[in-house]
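Chain naming follows the written order as A, B and C, and within any one chain the residues start at number 1.
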Amino acid sequence: MIWVDTIIQGVLLGGLYALFAAGLSLVFGIMRLVNLAHGDLIVFGAYLILVVVSVLGLNPFLAAIVAAPVMFVLGWVLQKIVLNRTLGEDILPPLLVTFGLSIVIQNGLLEGFSADSQRISLGALETASVSLGQISLGVMPLLTFASAVAVIVGLNQLFYRTAIGRAFRATSDDPTTASLMGIRPDRVFASATAIAMLVVTIAALYLGTRANFDPNIGPARLIYAFEAVIIGGLGSLWGTLAGGIIIGVAQTLGAAVNPEWQILAGHVAFLIVLLVRPRGLFPRGG
Amino acid sequence: MAILETRGLRASYGDFQALFGVDIRLEAGETVAIIGANGAGKTTLMRSITGVLKNAAEEIVHKGTDIGHLPADTIMKRGVAMVPEGRKLFPSLSVEENLVIGGQHKGGRDLGDRIDSFLSRFTGGPDPMEPAAGHQGTGYWSLETIYDLFPILRERRHNPGTALSGGQQQMVAIGRALMSNPDVLLCDEISLGLAPVVIKDIYAALPKIKQSGASVIVVEQDIGQAMAVADRVYCMMEGRVTLEGRPDEISRDDIHAAYFGAAV
Amino acid sequence: MATPYAVTTRTPASSVAMIFGLILVAVLFAAPAFAGRGTIQDLFFILTMLVLAQFWNLLAGYGGLVSVGQQAFVGLGAYALYGAVILGGIDPVVSILIAGLAALVLAVPTAFFAFRLQGAYFAIGTWVIAEVARLSVAQWRAVGGGTGTSLPRDALREMMLVDWIGEAFDVRASAARDILAYWLALTLAVATIAGIYWLLRTKRGLALAAVRDNTEAARSVGVDAGRMKWVVFLTSAFGTGLAGGMIYLQKARISPDAAFSVTDWTAYVIFIVVIGGIGTIEGPIIGVLVLFLLQSFLADFGTWYLMILGLIGIGVMLFAPRGLWGLISERTGLQLFPVRRRLTGGPLMDKEV
């Protein structure tokens, strides 16, 4: 029974990783840009929510709603002013610029908030749980997982049911021909990053409320997100959720054996999938 | 006044100059054909007019406005639509989505335009969006009228665009361009690689397109086809216009000389 | 008078640079005779960072393989050295070779995994593997597990050449060890630059540039892109492992978090190469000097230092993607390590081409 519990906890943890990954996946899908600062942007979002909570005294969920438009605009400006300049055949500029951005964000946060661990308090909700037979499930893990599913459903709707989703797909296929349709690829990319930052805000809310965070934990989140994307197969958001779940379960199982093995077990699961299915579990297209 | 005009248009790819002062003119309601061998500069001319290739200012004029420096999407919003060489359907979009996307950004100024226009007040540059305002088009074309023009597309509307035959893909590409209700329609090599019977079907749509109020430029390698549909013909060679005239005014020998450069 | 045709890569500037370089190396070798211990330690830092930067540049600038996981090989090399000294009782200087070999051996499975990932994903893939290495080494109790360990005093005291250096320069053993480490680092740096320069001028090296510029085209003219990637990756791992061993021999104390630090062994290195000029041998040399100067002025400001470095890196990448050396060689046409072959001599060639 303890194993069933461990696996369920792992599945729910996978929801958090899928949230980390969804924004990364969205941006990569549309402009083939891998943002090495993605994890740091999530941590930045968590600090932003923390500030809103402490300054305005808002509930963290409301604070996230306040933070979301700020993150949206930040994403738009970042893409329009900085990242659009790096797009092209050469993979070096986007990688090195986002890597530099990662270092800047981390150290900016260190300067502003010190290396001390922080946590966004949710009061009683933090420990609230519901019982299913002998298994007790935390309300927050359940909420995280539900949010991940909602984000993926929402992004899929956006992608396949709206005009901007059509523009995303067309620009991803062929930016030059898209411009002949009255689409400005630069703006499509800016909108995509802005939307990805809304997802980042949701991820940041759960990152900050479920555990302690400090300015240095961004890269590790990037790595979990990346592993989830690769395991799931590029371009498939449901695959990303599956990938997140695999990392989550591997981590909780590893931790059940030896707490020191938690992170290592997740990485090893990733390497095994890479070995067996190099294109991921649910690759899109041929 | 011509609806579209190039004045001494030059274009280069890096160090390689592809156009050397091209003057062409399209009157409202006209169909103009541009013929020439491979590498004559026809596609470069199309890419320049549509803004895909960056141009110097004051070399391309649309309805009295210099559009030479404008980005491709703005030129499209002004009413210059393009059927690109090779059709270039979006593989991720269905047939219907390919058509819809052709019309979803037509005319007016969208939010992005407004933001850029707002920012240009502070950066001091010219408002790059201003000429985009106002194009309403003829309003004739919609999904329904496109499907009436090419009925096969209605049947295949939910297929991925790239699952269609070459001729059907060309119909989608034409329909996609018409969806913006353009006043200028540029067609680049629309018969290339298609069977004669299919080419006939596609050119059969031309009268209807003209009727809808669009002036048309067709780029063709098939001289016979070009002469059959055009009110006027330009022949290009090595980045220059070598011949201009009405199909009934010019002889086969003229064309041969202009096309290949050799005296007959 | 017409001189005969000749294919050469040499330019007047490169000949001058060669002579100047030889003099510089000679002076640097003699430096312990007139420089204080602090200077020697600074030079050691510069030289080891230069080695790391040259190898990362070989990977990313010439091989198109952007790795964010080079700390894996620094850490593995360093830990191999500690393992060899502590568990095997091998002389630390000899163990440096073991450090390189260990990194080389572990680079094989690393490449096997990472080469399954393309472009940007390769970058994060190498990072994952470095994390796996860090977490695994933290489980290795014999070398201190997660908290790390020090090199045993006996091993340091009995290290080869240290007594001789101590007598020759009349310094204490600790300073003599720094001098030894410095000489080793200088040798490695010279060998690295000479080796990479040689590699780039061989037929294989020219193929490498072709692969970087266009994998498809390179393949069509018969360049085996896959094999070149392996050569470059394994070479870089070996050199990075050697440098890692040396760095931690000099530090004499190690922990997994320090030895596998992405900031220390990859971020700084990337900034050195980007700021100096990626895809050139001159770039990392300039970059490491810039980094050292910035560090001297800004190190007291801690996080500000890294933030400024990050911003400079972003700025260079956006506005001068070929780095400082790119700016210099664009203006002056200077090439100290030319790799392009030029035709000289012949009837028309008495004028400079």
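One rule holds in what follows: contacts are C-beta pairs under 8 Å (C-beta built on N, C-alpha and C of every residue); 3 or more make two chains touch, one makes a residue touch a chain.
None of these values were measured; they are calculated from a predicted model.
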Inset, instruction - Among all other chains, pick the one whose mean CA position is farthest from the mean CA position of chain B. - result: C
Inset, instruction - Average the C-alpha coordinates of each chain, average all protein C-alpha coordinates together, and give the chain whose average is closest to the overall one. - result: A
Legend entry - Gap in Å, rounded to a whole number, between the CA centres of chain C and chain A: 34
Legend entry - Inter-chain centre distance, chain B versus chain C - centres from mean C-alpha coordinates, in Å: 54
Inset, instruction - Using mean C-alpha positions as chain centres, tell me how far chain A is from chain B in Å, no decimals. - result: 42
Inset, instruction - State the interface residues of chain A toward chain C in the complex, per the touch definition above. - result: 28, 32-34, 36, 82, 85-86, 91-97, 99-104, 106-108, 110-111, 219-220, 222-223, 226-227, 230, 260, 263-264, 267-268, 270-271, 274-275, 278
Inset, instruction - Could you please specify the touching residues of chain A with respect to chain B in the complex? - result: 163, 166-167, 169-170, 172-174, 176-184, 187
Legend entry - Touch list for chain C against partner chain A, complex: 60, 64, 66, 68, 113, 116-117, 119-121, 123-125, 127-129, 131-132, 135-136, 138-139, 146, 262-263, 267, 270-271, 274, 278, 302-304, 306-307, 309-311, 313-314, 317-318, 321
Legend entry - chain A-facing residues of chain B, complex: 50-52, 71-73, 76-77, 81-82, 84, 88, 90-93, 97, 100-102, 104-106, 112, 176, 180
